[in-house]
Amino acid sequence: MATPLPPDDLGLGRVVSDESRQRMLRPDGSFNVRRTGLGFFRSHRLYHDLVGMSWPGFAAALGAVYAAMCALFALGYWALGPAALDAPTGDAGGTGFLRALYFSVQTFSTIGFGRIAPVSHGAQALVALEAFLGILYAALATGFTFARASRPDADIVFSRHLLVAPYQGGRGLMVRVANARRGELTDVSAEVTFSVLHLDAALDRPVRHYAALELERTRVTLFPLTWTIVHPLGPESPLHGLTDDDLRAGDAEVFVRLTAVDETTMQPVTARTSYRADDGDVLWNARFRDLFDRSGDVLTVDVSRLDETEPAELPDGL
Amino acid sequence: MATPLPPDDLGLGRVVSDESRQRMLRPDGSFNVRRTGLGFFRSHRLYHDLVGMSWPGFAAALGAVYAAMCALFALGYWALGPAALDAPTGDAGGTGFLRALYFSVQTFSTIGFGRIAPVSHGAQALVALEAFLGILYAALATGFTFARASRPDADIVFSRHLLVAPYQGGRGLMVRVANARRGELTDVSAEVTFSVLHLDAALDRPVRHYAALELERTRVTLFPLTWTIVHPLGPESPLHGLTDDDLRAGDAEVFVRLTAVDETTMQPVTARTSYRADDGDVLWNARFRDLFDRSGDVLTVDVSRLDETEPAELPDGL
Amino acid sequence: MATPLPPDDLGLGRVVSDESRQRMLRPDGSFNVRRTGLGFFRSHRLYHDLVGMSWPGFAAALGAVYAAMCALFALGYWALGPAALDAPTGDAGGTGFLRALYFSVQTFSTIGFGRIAPVSHGAQALVALEAFLGILYAALATGFTFARASRPDADIVFSRHLLVAPYQGGRGLMVRVANARRGELTDVSAEVTFSVLHLDAALDRPVRHYAALELERTRVTLFPLTWTIVHPLGPESPLHGLTDDDLRAGDAEVFVRLTAVDETTMQPVTARTSYRADDGDVLWNARFRDLFDRSGDVLTVDVSRLDETEPAELPDGL
Amino acid sequence: MATPLPPDDLGLGRVVSDESRQRMLRPDGSFNVRRTGLGFFRSHRLYHDLVGMSWPGFAAALGAVYAAMCALFALGYWALGPAALDAPTGDAGGTGFLRALYFSVQTFSTIGFGRIAPVSHGAQALVALEAFLGILYAALATGFTFARASRPDADIVFSRHLLVAPYQGGRGLMVRVANARRGELTDVSAEVTFSVLHLDAALDRPVRHYAALELERTRVTLFPLTWTIVHPLGPESPLHGLTDDDLRAGDAEVFVRLTAVDETTMQPVTARTSYRADDGDVLWNARFRDLFDRSGDVLTVDVSRLDETEPAELPDGL
């Protein structure tokens, strides 16, 4: 009774498969969908943001919390009046807010010069609380620094374009990938999935089809250079005979997914992207330029030239 | 000679299989059993509590330890008498317990204003110990903060109900699951196991049977939206022809187990739950409501509506 | 040409296989061999000790380093003479070594009361160094605290004895295992290997043989209770017909290895042990006692009774 | 249409395969190639350096940053003039740069004696910034300390030479490996690949061929001692009949790759090396010396003697 779902649909499901003309995957690999109703804490946005953001952004976020905490407690000390703190007269800050702020900084960071010192019960109580939060702050800063530092830091880069290029006397669909980090990746595997809308005569509406594409090779053990992933466009390919216009009309999307092992941490890493003819991601009659330099005594590859192509005539009649 | 155990019993074993009418798995996925005789330290309760509790609870626990340590050492300084510490007369706290407490806070947190300072051998010795414990405290706070932050933070949510719903002209057993975190999950696999008590004629007592249920699909590669896990209730299903009363009489329990990979940390994650007709977990004649919003330019799914259902007539005569 | 090594020898190799009468694995799972020539740093003894030792031992090690560092720098400040530091006269410690020690503590822990303060160039230079080492110390203490806290903390316990017990009308070799931690283990797999010395007629010397033993079941998905691992002693078993004397004469050793996944950290864990008849590890005519308590509303298992057995008559003629 | 790439080429690809006479893998396992064009931050050189360098080097790097930061801020305080800070006259440092440096140290490390204290607005602002950077510094130092401490610390050592040794009446290619760490490794697997340049008659140029070599055994479960990996040089071996001169002429390279599980962290580890006849890595007519000491009650293996060999006559006519 049960008819299995069409294979190779990656789990995107019927809802998306049958109706959507939109791009499923953005070029950076993120999904072009949104989940709502998660609740503020449950969605852990903060955590993902802190771990996923850039290092300068992370430092800025830490600095902002530091400044905010110091200022907040400074307001507290200041509100307790000039007698809450004691400092030599003549020092900058006098008995006003700035003195409270300087003191707050020295407390939150646990420096505690003591030149400005708490002398009232209220100030002492605030100090106890601020010192505790200062310890928590340092713990969080350290914890997140490490959570960031210990993430697999693989950065697999994909060529900007998907090529339809000459291959073995026929044509091949080609993507070039490289490891943009200094650490090595091993055991790299690739999966490529093709998705296209077809008009379903029985249902009288377009239905999205998915197909896993056969690859020249699906896995490399060592990955010191680059890898050109090739799907031969032979008669058995679901793209056989399709033109650029066909791809655009069918809202075709080609998903590429890589998995590998980061040797520095021995953790698995993954990367994905997709290509749409509609968005100018597919190049016909081109091939990837050689990016090796063999002049020195060590073979050199220039990753910044990953997407360089040159014109190449495709054989006819395919 | 050796008759293998019945397959699919998940390892719960004969003891449980043959006699227990109780729920094996609570809805939150924890086991409805208790292990004793572990010994206090061996069972690592503290560790699991500190890692597993909520963030506010964790902060409260840290705060309680901070306060307790400061108070404990304050008692020590206070017991050494008013001459152990020195501070300007006129400061709040005088020479009593509160002064000792303020000093203790400033020592444990390693602030050390110095306005209140240790001047006796006893106080100096206590300072050395308290400073060491303060460093340990910060180390533990930081370590546990990170241990919490680096845990796979997947939160797979299951629909509250298991549905018996129309499926492909017949019936299907359906559970809907979603990812309640912002980070993505990939390579999600499902296992569903059915367990029921049957009267064994030969033994003249009920015996619990287990069966792995066939699924429409057992794995999705990408999981940006939701997944409705379906077991078709065809003739080959062990639930074929059973009614709600049958499920209740047999103390039937349906176990659902998911495994996936958390893309943020690339760590495996798992989740499980179970459904019992007895506890009102099974809904007949219903189907899951669509929770997609296609009005914007980005497909949106509202996870908070995961359990929304609508009436649906089941075909007769299964 | 190449004759493969005997299978199932676990990699212990010919050297060990053919000559050794000694126990290969200690009951705690460690190897009864020694590797030398590693070099001090290369062998990373310190790291493994710090991560593997008990929590009280770890705290004691940290305390010893703390005390040693403080004392070492105290010697430095003291050697610089009484004018290197300044403090109010009348404070405990005077101008001698104890004052230097108190100051050193307050510097290493970064408290810095300032009551005792550095006033010479030499003292300031020492302060800069000690403060740096104090930061490194805190970093190491924190790093190792977390390295310890984040280790998979599974503690799989094995029954003290290997039983030859009645099983399904015949006999079975049985080990009982349990999870001694509060966190759950899943996907538990067992491998059992038997090793015995046989006199090799051709070589005229004993040769050690290895054989993987067939198990009633090799894997349980859920492990909330205990698991009795059973090898049926049928005609096809390499132990079939052997007596306790045979096992002792052949220096027989039974290796048990478990692998599982710790659900708290989702990391793999492993445990192993071995049993030797020679060392009184094998019990005949016994079976494991039931350690379940079904009286409450929650099934309870007492792990501390894991090794409790009761006499049981073995069937004859096997 | 698509002709699959020759198997076993490890992913080094055509570019390298067909033209390169250079060594692909250095003896330490790193690739003899260079990737450029990565961009400074993207290549994460700093991260890999900090995690991968030696412990003394790491401590030196931390010390250099500490000294640089302290000196940098000292310049700032000094530039603010003698009135920015206040300290008792007569202390070493006077009102010059050294006083600013001492103060900077006490601020960056969050000691804060207070004997030298900030008294101008500018100095207070610098203090706030330096304290923040001091916290970040401690966080980074701690995070990297742990990132280093938590790396799988396996150190698999390979024998310096690849031997062509007597084996089972014929010849075998042999490498000996050992675990140079105190922690145990389990589930060790080996892959050995042979690569050689052949003159391709059709293309009239040399083409590099790859072949996976059959091993006597490919996996050991336990690894307490050493393992001699053996490729029998029988008629079916791609090296059958080759001489040392053949290996040199063909720029032959033998790649050895090991994967294992580090029991301390339960993380996977890997190691690789290669041997080239050209570089004197291949020894003929030799066998590995026994490095076991059976005199004590515990079997002992001396890892430092891993590469010790003794002459051994190879059988003729192979």
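Chains: A, B, C and D, in written order; residue numbering restarts at 1 for each.
To be clear about the criterion, a residue touches a chain if its C-beta (ideal position, glycine included) is under 8 Å from a C-beta of that chain, and two chains touch if they have at least 3 such contacts.
Just so it is clear, the structure is predicted and the values come from calculations on it, not from any experiment.
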Copy-to-copy rotation for chain A and chain D - C-alpha atoms, rounded to a multiple of 5°: 90
Homomeric contact chain B-chain C: same or different residue positions, threshold half: different
Approximate Å spacing (C-alpha centroids) for the pair chain A, chain B: 27
Whole-Å gap between the CA centroids of chain A and chain C: 39
Multi-chain contact sites of chain D, meaning residues that touch two or more partners: 106, 110-114, 138, 142, 146, 150
Residue ranges of chain C in contact with chain A within the complex: 110-114, 142, 146
Footprint of chain C on chain B - complex, ascending: 1-5, 10-13, 15-16, 19-20, 22, 31-39, 41-45, 47-48, 51-52, 86, 106-107, 110-114, 117-121, 123-124, 127-128, 131-132, 134-136, 138-140, 142-144, 146-147, 150-152, 191, 257, 267-270
Partner chain A, residues of chain B touching it in the complex: 55, 59, 62-63, 66, 70, 88, 90-93, 98, 102, 105-106, 109-115, 137-138, 141-142, 145-146, 148-150, 153, 155, 167-170, 172, 178-184, 186, 188, 216-217, 219-227, 230, 232, 234-235, 261, 263-266, 290, 292, 294, 297-305
